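Next, two complexes with subunit A in common: one pairs it with subunit B, the other with subunit C.
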Partner chain A sequence: MNATVNRHWRSFKWAAWLGWQIESNWTEPWLFAIYSVIKPVAGAFILVLMYVVFTVIGNVQDLARFNFVYVGNAFFIFVGNTLFGTFQVIQADREWYQTLRYTYISPISYYTYIVGRAATKVAVAAFAVLITIAFGVAFLGIKIDLSAWELPAFFAAMALGAFTLVGIGVSLAALSFLTARHVRGLAEGVPGVFYLFCGVLFPLTVLPDWGQSIGKAIPLTYWFHLIRQITMPADYFAAVPTGLTTDPLEIMALLAVSATGFFLLSIGLFRLMEYLARRAGKLDMTTNY
Partner chain B sequence: MTSTRSVNPLALNLRAVVGRAYPRIIGANREPSWVFFDAILPLLGIAAYVFIYEGFFRAPGADRTFANAMIGFVVLGGTMTAFWMNVLWSMASQLYWEKEMGNLQLYMMAPMSRMALLGGMALGGMFMTSTRAIVTLVAGVFVFGVHFDLANPLMILAVFFATLVALYGMGMMLASLYLLYGREAWHMSALLEEPIFLVSGFYFPIRAIEGVGAWGRAVLFGAAIIPATLGLDALRQLIFPGFFGGKFWLLSVELEFAILVVLCVVFLVLARVSLGYLEMLAKREGRLTSRHQ
Partner chain C sequence: MDLAVETQQLTRVFTQRRKIFRRRRNGENGESEGPVTALDHVDLQIRDGELFGLLGPNGAGKTTLIKILATLLLPTSGIAKVAGHDVTKDPLPIRLKINMVSGGESSGYGLLTTRENVWMFSQFYGVSSKTAKARIDKLLHTFGLWEKRNAKVRNLSSGQRQKMNMIRGFVTDPDILFLDEPTLGLDVNASRVIRDYVKSWVKTTAGKTVLLTTHYMMEADELCDRLAIIDHGKILAVDTPENLKRRLKKETTFRLEVDPLKDTSRFKTIPGVKNFSLKSDGGASLEKLTFILEDEAAVSDIVSEVVRQGSKIHHLQKTEPTLEDVFISMVGRSLE
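Now for the complex of A and B:
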């Protein structure tokens, strides 16, 4: 038992270290910090300018809705990076560094290795979320209302969200054992599913009925809802109806169940795809064109 | 006795163009899953931006007169996003990628112009990306119900192709520069996504940046170097001519088209110059085959 735990811990620790080296050692720390900030702030500014144009041509201001969009977008950075950080590992090692074969035969847990590699992206994403929110509060009039007694609920929600995302990410990574070099398409497309159907940037009620049904079936929809409920002022939160339950405990329970479900799914899918890839001889294929 | 047969340089380079475009067009289709990953899935992200405007326009008291045009802006921006991403990831980063894969030295040894190689990459990339662009436009019309005004189709085509040539010319130039940057190339491409979507106005009329003040005007001036900025603004003017009394347009269509033509020439010349410089530098410093640097 102890040896198994040690093996997983060792795999995680060194994979996280490797992930950090890959992420950061291409440049000076100050340049890396700027790089980590520019992307999320630019993404936030796109929404700001969309809102500015809307206020001019729509002839109306709706600060609660702008707050809704901004907070959703800021926390989506966490979602996008955690997903991408997880599902890109296999294809990056296989196609880019061509080291998958060596890592794979080493005495580690490859599943845990993937999670460890993703850990760096999760940390950088958390930093980017913080910067984006701070930027919004300081310069764009974004209102955040997070009291001390709400902090445990906030961190619990973040942890459950991260577990769910890693579970989804590893499941997707497992699928990439068998697919060609599609990381860019996946990087845009998979977060796009959540971007569209989880009410990240607009209330779910804007979607057609079938879209709302899809959104309500995705646990992350409730995660975004909960995060907004915890962080936004109550009057702003109430001003944008979403048609979702507002009981935090109910949402937490749902997230706990979904995190467990995706964890089990990721293990099953990982083993199945790994087996199929080995059988088809695709474990270290390269598909450059 | 040996016999040598001279090869027409034009024919040789045309063959090189076709040869490099071939794997992108034919090779990619041997793995048809790319249509789903590269054309269908990214549509979801664009749809999200469409629904942002839908969400805004559902605010109580909002005037919906220009809602169709705003959604159309997003659809056109989404189309341009496809080409920009292709320029970044399949043009600018490609020579670096080829070096990592071990193909670059083979290209350098082949008796062809390096411009023919990049030209083939560009043609193949344009073909692949056009699929995604067409899917986006079709979705814009049939899913989001956008009405496009095609009163001046020749000018629309002229602006579109001038934008593409300038964009891919820029990609050809960046390809050489990225090779010099080594490992930073990947990060450079990642960095040129959202910031360029922002300063080129992919999801809103670019003139809105002017509202930021003096900084906004400086950003606008810099953004005009990126062909997508002027190309999108001109296309939007042509396709949504009456949008908000023209108050959000940057320059006249004719002037933007003229600048795009100039950019085409400038980027292609710069691509040739930087490619020559790169080759000389790489040979002198022996970095042509060194990987993971």
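Now for the complex of A and C:
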């Protein structure tokens, strides 16, 4: 038992260490620090542009709406980076560094290793969200209302979101054990689907019925909803109706169930795909595009 | 005596979907379609503490065998046990005891330093910090990589990367180490250092086993306690290098240097010729023939066949059999 815990901890710790080395691979640490701030801010400028277009065309000079879009996009950074950070571990190790075979035959848990490698990306993405929000508050009139007693709920929501996303990411990564090409498209497509159908840019009610059904079937829709509910001022939040339940506990419960579901799915898929890849001799293939 | 490695009827078949794709695109011909049997009912026993060699031509199945034993690939059928555990059912206890290094590839995290790279892998195995540090320092010195200890891996030459990977293999102090062509592409000095180290590691530490593949006869002859000769996925012989050579003593080895021949197919049909191989020194005007004869009398037939083709014999010599001759005798061609 203790040996198992040890093994997972070892796997996570050194994978996270490696992930951090790769992420912060800058000759000058201060350059990395500046980059970490500049990148999200640059992203925010694109949002400003979007809003200008938005208001010119739609004539909606509505602060609440801008808040809605801005917060949604800021937290989408977290979604995209967590997903992609998890998904690309196998491909990078197999094709680029060619270390997968050696890591795989070492006495670690490869599943936990993937999660460890993704952890840095999750942390960096969370930081980027923070910077984006701070920039919005400072320069674009974004209003955030997050009081101390809401913090536990906020962190719980972030954790549940991260679990769900890592679960989806590992599932995609597991598929890439067997094929590289097709999964890459999938990994780029999935965040796109989330962007469209999870109420990131506009409330779900804007979508046609079938689109709303898709959105309501994806747990992240509720996650964005909950995050907005926790972070936006109550009147702003109420000003953009989304047609979703506003009971935070209900949403939390739903997210907890979906996070568990994706976790179990990812373990199952990982085991299956690992077995199939080891059987097919694909654990150390390189595709040589 | 305990067995480090044991296989029973071990078979591995690759279904070749990728090759078929390639052929369709390029209109390539000649290669056989359908599945390839990389290992064909292999029975092998490697004892604890042995330095065991696998010798075989390209595509013989050496790497496939190592991948299966290193828990990277599953067998199609048959059983493979490493340190007493089944590779299919029970890989984890195996992984705690093994490591693997393949030559001729340059894996590694380019943005880490040599030392960090090796360090990280040692930590995957739970080696204590103090032990890991001491081992890494020692190995960096041994393999002549000390100067590069803080260099980024992306700035290492391919030979230096290979040395780093050797250190990665030894730093976890495995009980069983798989080395797939460890000296491939290394200079004479580096190869020497690696051979000496591997040999002394097995001989001076109790309970250390090495399974090594190589294309260098000298290396196999010099290093290995026992050798398996493998071709087309089948083990043709397992014995000490000495015994393998002794087997040939009943046969006679002749070497000839002749002007290029038009047709060598007739040699095989001469009575008394067991096997022969031909090497032309790329571009040079002479061809080197090695004959393994069951009956020395065949020499006169060989000579007259060469003369009949209008070629001239520049050199003819009867020699002591080398490991290479053993190989030619069994496989029907030379390794290089």
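Keep this in mind: the second predicted complex is superposed on the first by the 273 of 289 C-alpha atoms of A that agree within 3 Å, B and C clash if a C-alpha of one lies under 4 Å from a C-alpha of the other, contacts with A are read in each partner's own complex, and residues count from 1 in each chain.
The rule is short, and it goes like this: a residue touches a chain if its C-beta (ideal position, glycine included) is under 8 Å from a C-beta of that chain, and two chains touch if they have at least 3 such contacts.
Note that this is a predicted model, so its numbers are computed, not measured.
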**OP:** Could you say whether A:Arg65 touches subunit B, subunit C, both of them, or neither, answering first, second, both or neither?
**Re:** first
**OP:** Kindly classify A:Pro107 by the partners it touches after superposition: subunit B alone (first), subunit C alone (second), both, or neither?
**Re:** second
**OP:** Considering only the touch criterion stated at the top, classify A:Leu283 as touching first (subunit B), second (subunit C), both, or neither.
**Re:** second
Original post:
Touch check for A:Leu130: first (subunit B), second (subunit C), both, or neither?
Top reply: neither
Subject >> Which of subunit B and subunit C A:Tyr97 touches, first, second, both or neither >> reply: both
**OP:** Have a look at where A:Trp14 lands relative to subunit B and subunit C in the superposition and call it first, second, both or neither.
**Re:** second
**OP:** Would you sort A:Val52 into first (subunit B), second (subunit C), both or neither based on which partner it touches?
**Re:** first
Original post:
Which chain makes contact with more of the residues of subunit A, subunit B or else subunit C?
Top reply: B
Original post:
Can A:Ala180 be said to touch subunit B (first), subunit C (second), both, or neither?
Top reply: first
**OP:** Indicate the residue numbers of subunit A shared between its subunit B interface and its subunit C interface, in ascending order.
**Re:** 97
Original post:
Which subunit B residues qualify as touching subunit A in the complex?
Top reply: 23-24, 27-28, 31, 33-34, 36-38, 40-49, 51-67, 70, 85, 89, 97, 100-101, 183-184, 187, 190-191, 193-195, 197-198, 201-205, 208-209, 211, 244, 248, 292
Original post:
What residues of subunit A sit close enough to touch subunit C in their complex?
Top reply: 6-7, 10-11, 13-14, 17-18, 21-22, 25, 97-99, 101-108, 275, 278-279, 281, 283-284
Original post:
Which of the residues in subunit A end up touching subunit B in this complex?
Top reply: 26-27, 35, 38-40, 42-43, 45-47, 49-54, 56-60, 62, 65, 69, 96-97, 179-180, 182, 184-186, 188-193, 195-196, 200-203, 206-207, 286-289
Original post:
Mind pulling up the subunit C residues that touch subunit A in the complex?
Top reply: 14, 67, 70-74, 92, 95-96, 98-100, 105-112, 116, 120-121, 123-126, 168, 172
